[in-house]
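Pasting a structure below so you can have a look.
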Amino acid sequence: MKRKTRIGLLILVTALFAAVPLILDSENSYYVYFLFMAFTYIALSQSWNLVAGYTGQISLGLHAFFGLGAYVIAIGWGKEIIGFLDPLGMVLSGLIPAILAVAIGIPLLSKLRGDYFALGTLGLGEILRLIFIQGGALTGGSAGLMLPSSSYTSMLPYYFIALFLAVFATAVTYLMVKSSLGWALISVRDDETAAAANGVNVLKYKVLAFTVGAFMAGLCGSLQAYYLFHVHPQNFFGLNWTLYPILMCVMGGVGSTIGPVIGAVFLSAVFELAKILLPEIHPIFSGVLIVLTIIFLPDGLVRLRWFRNIFEGRKTESPINLKLFTGKEK
Amino acid sequence: MANPLLRVSDLNVFYGDAQALWDIGFHVDEGGVYSIIGSNGAGKSTVLRTLSGLVRPASGRVEFLGSRVEGKGADVMVDLGISLVPEGRGLFTGLTVLENLELGAFTKRARKKSAKTLEWVNDLFPIIETRKDQQAGKMSGGEQQMVAIGRALMSRPRLLMLDEPSLGLAPLIVKTVFEIIRTLNEQKVTILLVEQNIHQALKVADRALVLKTGRITMTGKGDELLADPEIQKAYMGTLRKGT
Amino acid sequence: MMEKKICIWSGVFFLIMVLSLAGFSTVSAKEKNEILIGTHLSLSGGLAMAASEQAWAYEQATASINKKGGIFVKELGKKLPVKLIVVDDESDPGKAAAAVEKLIKLQKVDLILSGHSTPLTIPSMVTSEKYKKYYHGTTCLIPVWAGQKFKWSTMFFIDMPTFPDAAYNVIKSLPEKVTRPAMLMEDTMDGRGLGGVLRGGAEAFGYKLAVDEPWAVGAKDYSSQILKLKANRVDALLVFGSPEDTVTFIRQMKESDFSVKYLHGYKGTWTAEFKDAMGKEAQYVMCDGFWSETYPYPGAKELGAQYTKEFKKQSVSIGAFYATAQILYQAIERAGSLDSAKVRDAVIGGEFKGTVMGDVKYGPDGSAGFQVGTFQWWDGKQQQVYPFLDGSWQTKVMPPWNKR
Amino acid sequence: MFYLPPIDILLQIMINGILFGAMYGIAAIGLSLIFGTMQIIFIAQGAMIILAAYGTFWLFHFFSMDPYLSIIVIFPVSVIFGLGLYQVLFRRVARAGKFPSLLIAFGLMVLLENLMSVLFTPNSRGLRTSYTAFGISALGLKISFTRLMAFIMAILATTGVSLFLKKTLIGKAVRAASENLESATLVGITPHKVNMVTFGIGIGLAGLAGVATATTYSFGPYFGFVFSLKAMIALALGGMGSVVGALMGGVLLGVLESYGAFFLTGGWADVISYAAFLLVLMFRPEGLFVRSSGSERP
C-alpha cells in the first residue's frame, strides 16, 4: 500500500470519527464517551510507542508526565493563569513535563540502559506522586485539587480535542519515523554501539524521543484534568496510565504507527465490556489479558500475516527484541 | 575407511540476513588433529560455534558418531562429546579455578568420573593444582588458557575444539600451548583447531582446511599446505624459507 | 496454522464486542416499568470491605420497598418496582467518575445513590453535575461537599460541629483524668477534613494536643511515631487510619510497651476484621460508628439482627446506608416523579420520618447531619457508649499492657 | 521541633530499622536470585508473598498450625509453585527472547491480586497467636518478637542461599550462568534448568517472607505491591544479583526509613527511600555493597 493511500486512509478514518457526534447525541450516548477515552489512550500509547518502539527504551514513568500535565492545569486554573480548555494552558501542560523529561532524561539516559532505565523511570513516577502528596496547599496534598465543574457545557469540545490529540500523536510518530530523524532513532534502537560508531549522537535522539513522549503524555493529562475537574494524586499518578498504554502498544504492535491505534481501540472496548458483562471478576480479566497477549501475540496484531497483506505492516518481528530483558547473549 | 568421528556436509549459516558460511563440508577422523586456517572474518569461529551448538545452522547436515546432531543446543552437544574452548577462553572469572573445573564436568556422563578426570587434568596442567582456590579472573592469560582447556577436558570430550588458543599470549606460552595440543593428541584426543598462527597450526595438524569468506578453498595434509607457495604468499607474508 | 487461528478469533471477538456495545447503548426507550437506581461501589480495591456493607444495606432497603409493591410515581400514575444497578469503581477516583458516566449513559439510570468515601464521591458528583442527574450523597464530609457548591447532589453524613463531642465527651467521662491527648490523622481527604474538626474540638474542650501528626497510608512500621508519642507522655490517642494500618499500629504499641488510657480509632477499628486480627488486644479500644442497632429507631433492631444472622458479626454502618436509601425512596414518592430536579427539590429542606436513623431533616443547602456514635470493644462486642442514652455502656479506662 | 533525642531512642530507632529492613531483605533476596539468571525484575514478588501469607493464615485458621511450624509446608509448596509457574509462563517468553518478562510479571501481579481479592474477599486478615503482639525488652530496648523472628529468618535464608550457591554444583552452575550464559551452555548447563531452579528458590523465599508477613501484619490482597517496590529498591541499593547485598540493601532501607519517619513524618520517609534509589541507580548501578569487581553491569 503506497504511502499516499495510507495517509488518505488516515484522513478518511479521522473524518469518519469526526462525524460520529453528529449522528449520535453526544450528551447521552455512551459511545461518544467511550471514543473520547479511546482517543486519549491512542495518544498515550503513541507517546510510549515513540520511546519504546523507536528507541528501544522501556519507560515505566509515563504516568509521571501524565499526572504532571494534569497538575499544571489544576494549579494554573486555580491561580487564574489558565482558563477552561484554554489551548495555551494545554501547551504549557505539555511543555513542563517535556522540560522535566530533558532535565531527568539526560542523566538517566546517559547512565542507564535497559531494565535499569525502566526501574529509574518507575522510581521517578513514585517520587513525583509523593512530592505532590506532600506538596501542601499548592498541590492540595493527598486531597488533590478541585476545579470549578460549572464551566462544563457539553461533551463536544472534549471529543474533538481528544480526536485531535490522537491524530496529532499518530502523525508526529509517523512523521518522526519517516524523516531522517527516524532513521537515527531506529539505528539507536537496533544497535546503539553501531549507531554511536557512525556518528549518531545516541543520547540526543533518546532524550528527544523521551521529551516528545513526555510532551504528548502531558497534553493527555491536561485533557483528562479538564474532563474530571478533580485532580487527585492517587488517580492521576496511578500506574494504570502506564500499564494500559504499554499493553495497548504491545497488543497492537510496538514499533509500527497503526499498531497502538488498533491496540488502544480494541482493548478499551474489551475492558469496557468486561466491566459490563462480568462485573465481579473483571479485574482478573485485565491480568489474564496481559499474560495471554504476551504469550500468544508477542509481535502484536499488526504483524499477523492476515493483517499484513492489508496494511503491509513491518515484516520484521517486534523491534524491542529485548535481549537486555530476557536472554543474556552479549 | 571406518566412518569418520564427525562428518559435516553443505552447512549454511546466517547472522541475521548476512550469510556467514556457504556449503561447508569436511570430515574429522578419530585421533587426528585438524586445523582450520584463514584470514580474519573468514568464518573460522562460526564453524566451531555452529558445531558446538551455540549457533543454529540454516541448513546442512552434521553427523557425529553416525547420528545427526545439527541444530542441537550447546548443552546437548557437550553431553554427546563435542566440547569447545571458546575464543577469549570464556572462563567464569568470578568463580575459583577448581569451581570452573568442577563445572566442566557438569553433564551426567562426566559427573560420574569427575574425580578421575580431575586427576588427569592436574597431571596435564600442574599449575592448576597450585592455584585451585584462586579466582579464575585474577590469573595470567597463559594460566587462564590452561584452565579453559582443562575445563573443556573435564567433560571427557570425544572431539575437543579450540578457538584461537594462542590469541594474546606471549610466544613462549604459545609454544607450550601447542605442546599441550601434541600431548593431548598422543593421548588419543581428537582435536579441531582454529588458529591465527598459521605456521604453528599447520605444523601440528594432520590435515587442514583453508577458509576464505565463508567457503572452503583448499584442503590437504598439514605439511603439504605449509610448503604450498600460495599459502605462504597469501597468509605468511615473507616467511623465510625452510624454518 | 496458529497465526491464522489467532486472527480469526480476535476478529470474531472484536465483532461480538462491537455488536454488544451497540446493542447495549441503543436499548429502546420502551414503556417505563421500573425505577432504575444506579450506584457505584468499591467491589474491589482497598475500600471493598466498607463498601460491601453499604451494598448489602442498599439491597435490603430496595428489597423491602419492593415487598410493598415499589414506589407510587404520580406522574406515571402507577406503582413501580425499584431496580438497583451496582457498578464497581475499584476504589479509584478516576474509575468512580467513569462508573457514573456509564450508569447515566449506558444503563440510563433515573437517579444515583451514593458511593463510599470522600475521594470517590467528589469526582462522581462532578460527573452527575455535568449531566444534571440527581446524586443522593453520603459518606462525603459535608464541608468538603459544600465547598464545591454542587447543584445536583445532596449530602447525608456526619454532623461536623458535634463530631468532636463523640470523643471528648467520652474522654471527660473517664474516671481517670486525661491531660496529654494526641492525634494521628491519615494523610487523605477524610483524614485531613476530620483532623481539622477534631483539632478545633480539642481547643473547645480545653485540651492541648501533645502530638498532632499526619500518618503515612499503608506504612509498614510505626515504631518511630510510637517513640515520639512515648517521649511526649501521651495518655489519650485519636487515630484515623485503615483497618490494616491500625492493627499494625496497635500491635507495635504493645510490642514497644506503650499504652494509653483512651484509644479511639476512626475508620480503622469498627470492622469485625479488626477484632479478629487483634483478639484480646481489641479489648478497651474505642471505635466510631454511624449507627447502632440499639438506637431507639423503627426497624433498627430487626436490621441489625438480620445482618448478624447473615454474617455472624455486628455492623455499625448499615443503618446509615439503609436510611440513605429510605430517604431517596420517600423523596421519589413525595416528588411524584423520577425527574432529577423534582426529586432533588423534594430532598432539600425536606423532613423524613421513621427511618432506621430516626427522623432526618435536610437544611436549605441540601445537607443533613447525623451524630456519629462511639462504641467500645468489650469481649468481642461493640458496646454503645455515646450518645449517652439510658443503658449506654460506661467506658472502661485502658490499663497498661502488662496489667491485662 | 528538631532536637537530638537521647541515645537510647536513637538506638531503638536503629534496631527497629534493622528488624523492619529485614522484611524487605527476604523479599529482595528472592528478587536478586531471579534477576541474577533471568535478568528480569520480578515485580509480582509482593503478590507471591501475600499468597503465601494467606496460605499461612488458612493453615492456622483451619488446622491451627503454628505459623513458624507451617514453614515446612509453605516453603516447599512455594518452591513447587515457582517451578510450575516458570514452566507455564516464563519458559515460553524466555525462549522467545522477545518480550519483557517484566510485563508478564506485571500481568501476573494484577491477576494474582484480584484473584485473591475475589477468592479471599478483600477484608484484611490477621493472625493471632500468643506471640503476635509480644515485645521482648532486652538491655533497655523493646524488640518485637515477630520482627525478631523475621530478622532471624532473613539471616537464615541468606546464609542458606549463599551456601547453596557456594557449595552445591547446581549453585555453582547458577553463579556461572548469571555471569556468562554462553560459557555455561558450553559446559552443559541448560539455561532453562538454571532459570527454573532460581525461580523456584526465589518463590520459595517469597513463601518465607509470606510467613513473616502473616505473623507481623494484618494484610489484605493489595498489601504486596509496596513490598515489591521496596524490595526492588533494596536490590538496587545492595547490588543487582548479589544475595548478601540484597539483604544489606533491605536493612539499610529499613534504617533510612525508620530515621526518616522519626525526624520528618511518615510521608517523607518514602520520598527519601525513592530518592536514594534513584541516586544509587545513577551513580553506583552495581550497588553499594558489591565490590565493583569489574563485572559492572550496563
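As written, the chain order gives the labels A, B, C and D, with residue 1 at the start of each chain.
Rule of thumb we're sticking to: a residue touches a chain if its C-beta (ideal position, glycine included) is under 8 Å from a C-beta of that chain, and two chains touch if they have at least 3 such contacts.
Please read these numbers as outputs of a predicted model, since none were measured by experiment.
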Quiz item: So which chains are sitting against subunit C and subunit D at once?
Solution: A
Exercise. Show which chains lie in contact with subunit B and also with subunit C.
Key: D
Practice problem: If we define chain centres by averaging CA atoms, which chain lands farthest from subunit C? Would you check? | Solution: B
Self-check item: A-D or B-D, whichever has more C-beta pairs in contact
Solution: A-D
Quiz item: Of all the chains, which has the CA centre nearest the overall CA centre?
Solution: D
Practice problem: Just give me the whole-number Å value for how far the CA centre of subunit A lies from that of subunit D. | Solution: 32
Quiz item: How many Å are there between the centre of subunit B and the centre of subunit D, using C-alpha atoms for each centre?
Solution: 44
Quiz prompt | Centroid spacing, where centroids are CA-atom means, of subunit A and subunit C in whole angstrom | solution = 36
Self-check item: Centroid distance [mean C-alpha coordinates] between subunit B and subunit A, Å
Solution: 51
Practice problem: Indicate the residues of subunit D shared as contacts by at least two other chains. | Solution: 114, 117-118, 182, 267, 270
Quiz prompt | Sequence positions of subunit A contacting 2 or more other chains | solution = 133, 280, 283
Quiz item: Name the touching chain pairs, please: which are they?
Solution: A-C, A-D, B-D, C-D
Quiz item: Which of the residues in subunit A come into contact with subunit D in the complex?
Solution: 58, 107-108, 111-116, 118-120, 122-124, 126-127, 130-131, 133-134, 243, 246-247, 250, 280-281, 283-284, 286-291, 294-295, 298-299, 317-318, 320-330
Quiz item: Considering the complex alone, what residue numbers of subunit D touch subunit B?
Solution: 169, 172-173, 175-176, 179-180, 182-191, 293-295
Exercise. Could you pull out which subunit B residues touch subunit D in their complex?
Key: 52-54, 73-75, 78-79, 83-84, 86, 90-95, 99, 102-104, 106-107, 110-111, 137, 151-152, 154-155
Quiz item: How about subunit A: which of its residues touch subunit C in the complex?
Solution: 27-31, 33-34, 37, 133, 141-144, 146, 149-150, 152, 224, 228-230, 232, 234-236, 238, 240, 266, 269-270, 272-273, 275-277, 279-280, 282-283, 296-297, 301, 304-307
Exercise. Enumerate the contact residues on subunit D facing subunit C in the complex.
Key: 5, 9, 12-13, 16, 20, 23, 114, 117-118, 121-128, 132-135, 137, 142-145, 147, 216-220, 222-223, 226, 254, 257-259, 261-262, 265-267, 269-270
